[in-house]
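Below: a set of structures, written as structure tokens.
Consider the two complexes below, in which chain A is the common component and chain B and chain C are the respective partners.
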Partner chain A sequence: MSMVRDRAPTRITAAATATFAVVGLGLIAALLLGAWPLIGEPRPLANLLGGLWDPLRGAYGLAPFFVGTVVVTATAMALTLPFSLAVAVVLSRPLPDGVRLGATRVLTVLTAVPSVIFGWWGLLAVVPWVRARFGGAGFSLLAAGLVLAIMVTPTLSLLFYQALRSVPRAFRDGSAALGATPDQTLVRMELPCALPLLIQAVLIAVARAVGETMAVQMVIGGQTVLPTGLTSPGATLTTQILTDMSIFPPGTRGHAVLDVMALVLMVGMYLLVRLAERWVAMP
Partner chain B sequence: MGLDIHVNKLSVWYRGHQALRQVSLDVNAGEVLALIGPSGCGKSTFLRALNRLLDEDLGARRTGQVMMEGVDVLAPEHDITALRRRVGMVFQTPNPFPFSIFDNVAYGLRLQGTNDAAALRRTVEESLRQAALWDEVRGKLRRPALALSGGQQQRLCIARALAVGPEVLLMDEPTASLDPLSTARIEELIGNLRGRYTIVLVTHNLRQAARVSDRTAFFAHGSLVEIGPTRQIFTVPQDPRTEEYLTGRMES
Partner chain C sequence: MTWLMGLIVALACLSSSGVLSVRSQHLTMVGATSALPYLRRAVAGWEAEHPGYTVSVSGGGSVAGLIEVSRGRADIGVSDVRPNQVLTGKVDLQSLALGRLPILFIAHLAVGVRNLSRAQLQRLLMGQSTNWKAVGGTHTPVIVMTRPLASGSLEIVQHEVLRGGRVTPRAIVALSNGAMLAAVQETPGALGFVESGNIPAKVAVLAVDGQVFHPHNAGQWPFYAVPRLYWRPQASASVKSLALYLATREYRPQYGIFDRVS
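Now for the complex of A and B:
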């Protein structure tokens, strides 16, 4: 009896792990299966890398969405990186305990805000701002990048803060005792020491930005042509899947393309995770 | 060589708790002054006031003066960076940075803007020689400092402090985490540095205080109880509390 009870936790956890593996592999298998008709066509890469998205005429070029994803993510990261790092540095400096606690609590709450709310706010505030400032519709890659930047900042600030906090107090004291100013300690000691964790934080933020769908869809404009600039509307891989999933029924060629897009995203994410692990494994 | 230090009515509070009470004492240039006393008696706080490392703690408040060459280095307008170049510090646990041996010793010099490779090499070698570590690490300066043994790490930290050319060396229980052999080497090193630097040494090891110091100050409950020549403190203490502590009868 007791043997059975002793083994129960192991069995439950093993079953959970197995389920998880089956679901994960099943997901990939389903996507591969769905994408197969397209991959089996002649010159699949040339078709998919083209710049023309015209499903009615059988053209499924994904270049506009690749460009959209990269540009939106890069814009968001360029905006959030310095800002998040600044927030983290302030939090890691001597502060009254109440201020630090209050600030980290606010950031933690902000990380839990659903993305649709950020998108809603983007619709009400960011899109009109871009329209007023740069002309055009306002729905644009820039608006999407701005919304994403705001959305990612709480998470990235907290991750950066944890990375800086991982530097032992003894190192900071040692640096200060040698006559380093707080900024010198930051640049010459804390940032190099925390570098692996900082890079991991950035990769997590990039993954979040690449994967975000709803908030981006609400402000990006949903254009399927190659964007001509930051302020022109566009689409990303994730938003285009959202847009088209109700249009292409399973079995159609368009549905196979959506499966390919999902596969591409998963492979990209996998590479990001591997990169993140590699950096943290560094001494 | 070294520097006279005059401490005048130094008091420190940590978040309302008074850690030092009106401590006044002089440290003579080139001597080794040992600070002894039960845990929590304010020895380390005293040390951290001398190079203003206390300033890094928002909860700490202090009054009083620390005079060096007629200047109150605790005055808010006094240049804290300049002070810390003159007053080096070695900590209780060796804290080499996770860089190479060379980069550790060169850290303080680079802070001051020295980037000339030859000058850096010269000072690094000289500092490592002074810290009696050169013979063990020559030819291995690019290796990570954290690969050194505990005793070597502590001597590396001493070399790092010496590299910026201080006049005073504050040592906060530098052998607390070391084995007897490494402890003996550090004590020997302190003996060699005597005269060239003013050394203030906090220690829980009474024999160490007796072995290496010229004078000894006994602290209890944040106050200076007694200060005098080491031999006298250990043989004929003037205050009954000192005698109680030295004979193991004092409860902290």
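Now for the complex of A and C:
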């Protein structure tokens, strides 16, 4: 009886891991099978990289969504990186314990806010601001980037803070003992030491930004042509899957295109994970 | 271990005595978002008359309604898109019409236009006229709002108003009827369309070819969708009962659903 009890944790964890692996592999297999009719066509890349999305007339160009995904993610990261790093640096400075604890708690709570809330807020505040400032409809890549930046900032701030905390205190003390100012210590010692973890944090934030759907959908406008600027409406891979998933039943060409879009996202995420691993493995 | 055995025996006894058995039956409805306000009220009435039954009502669009019901993932699909083999396979769905749901063309209050000819409306929706000044309005760029491809109202607009033409690909996509209304209310220069039997607030409801929509003359309004309730041939009696109940409530006009169509 006791042997059975002793082996239970190992068996339970092994079963859970095996189940997870089967589900993951099953998902990839389902996407590959669904996408295969399109991948197997002549010149699949030429068809998929076109700029025209008119699925009811057989045009499945994904370029507007690739551009939308890249621009929105880049905008969000450009806006959030300096802000998140600033928050993390402040938290890593000498602060009263209560202030630090309160601030980290607030950030932790903000990481748990559902994305639809950010989207709603974006609809009420960000879209009108973009409209008033730049004209047009307000629904735009810029609005999506702003909402994403605000969504990602709490997570990225906490990850940056953990990265800075990983630098041994003795290093900081040593730097101070050699006469370096706090800013010199930060720029020349702490940031370089924490660089692998900082880059890993950025890649995690990029993955979250690329994968976010609901909040982006609510403010981006859903336009399916190549955007002409940052203040133009647009769409990303994830928002277009959300918009059109109900019109293409399994087995149709349109459904195969959505499977291709999902596969592209998964491959992108995999590459980000590999990059993150590579940076952490740096000496 | 003894306590575990005791628990199993207790659960078995409770189950056989019927204490734990669940007698309620759950039905699901999926489809057109435009009919949701009416359906939610009517379903509550049907549930009150049929104790033990619960019904969940969700959106997803007309196309989703047809796909879900034909694949057996919903008991009733609500759709104003005509079924075709791509959507429903070889399932011969049965249906009942809820009635006529007017499709209104709405614009932001500041565009300075209240009446359009059908040709002007076509040019605006297709992106051929890009400023309200071209149709007698203020000097404001036109921002066309549309619905996703799965929307029944988009299909009807493209079929009935654009005569097979397409809404400009530069249109902004609103995922639901309510989102469309809110976007047009807030966006200067916006032009869109909603399924509604009442005159929506804070937007200009456009007359087309001199015909002005009013709930009292809803029968004469030329642009309308006909949302229908669809179910599979082998559906249970309770599903058919629910569909019949929903299709015959007298208060449908309060929700903008007029003149039942057979």
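We take it that the second predicted complex is superposed on the first by the 283 of 283 C-alpha atoms of A that agree within 3 Å, B and C clash if a C-alpha of one lies under 4 Å from a C-alpha of the other, contacts with A are read in each partner's own complex, and residues count from 1 in each chain.
Throughout what follows, a residue touches a chain if its C-beta (ideal position, glycine included) is under 8 Å from a C-beta of that chain, and two chains touch if they have at least 3 such contacts.
Everything numeric in this text was worked out from a predicted model, so none of it was measured.
Visitor: Please tell me, clash or fit, for chain B and chain C sharing chain A in the overlay.
Guide: In the arrangement built by aligning on chain A, the partners chain C and chain B fit side by side.
Visitor: Thinking of the overlay built on chain A, is A:A170 touched by chain B (first), by chain C (second), by both, or by neither?
Guide: first
Visitor: Considering only the touch criterion stated at the top, classify A:P96 as touching first (chain B), second (chain C), both, or neither.
Guide: Once the two structures are laid over each other on A, A:P96 reaches chain B alone.
Visitor: For A:G50, is the partner it touches chain B (first), chain C (second), both, or none of the two (neither)?
Guide: A:G50 sits against neither chain B nor chain C.
Visitor: Of the partners chain B and chain C, which touch A:R131 in the superposed model: first, second, both, neither?
Guide: Once the two structures are laid over each other on A, A:R131 reaches chain C alone.
Visitor: Per the contact definition in the header, classify A:L178: touching chain B only (first), chain C only (second), both, or neither.
Guide: The first partner, chain B, only.
Visitor: Which angle, in steps of 10°, is spanned at chain A by chain B and chain C when each chain is reduced to its C-alpha centre?
Guide: 150
Visitor: Quick check: superposed on A, how many Å separate the nearest Cα atoms of chain B and chain C?
Guide: 51
Visitor: Identify the overlap between the chain B-contacting and the chain C-contacting residues of chain A.
Guide: Overlap of chain B and chain C footprints on chain A: empty.
Visitor: Write out the stretch or stretches of chain C touching chain A in their complex.
Guide: So the residues of chain C in touch with chain A come to 60-61, 63-64, 67, 71, 86-87, 141, 143, 148-150, 166, 169-175, 182-183, 186-190.
Visitor: In the complex, go through chain B and note every residue touching chain A.
Guide: Contacts found on chain B: 51, 53, 56-58, 81-82, 84-85, 88-89, 91, 93, 95, 97-99, 107-108, 110-112, 157, 160-161, 164.
Visitor: Which residues of chain A touch chain B once you look at their complex with the stated criterion?
Guide: Listed in rising order, the residues of chain A that touch chain B are 94-96, 168, 170-181, 184, 188-189, 192-193.
Visitor: What residues of chain A sit close enough to touch chain C in their complex?
Guide: Residue list for chain A touching chain C: 53-56, 123, 127-128, 131, 136-139, 217, 221-225, 233, 235, 243-244, 246-247, 249, 252.
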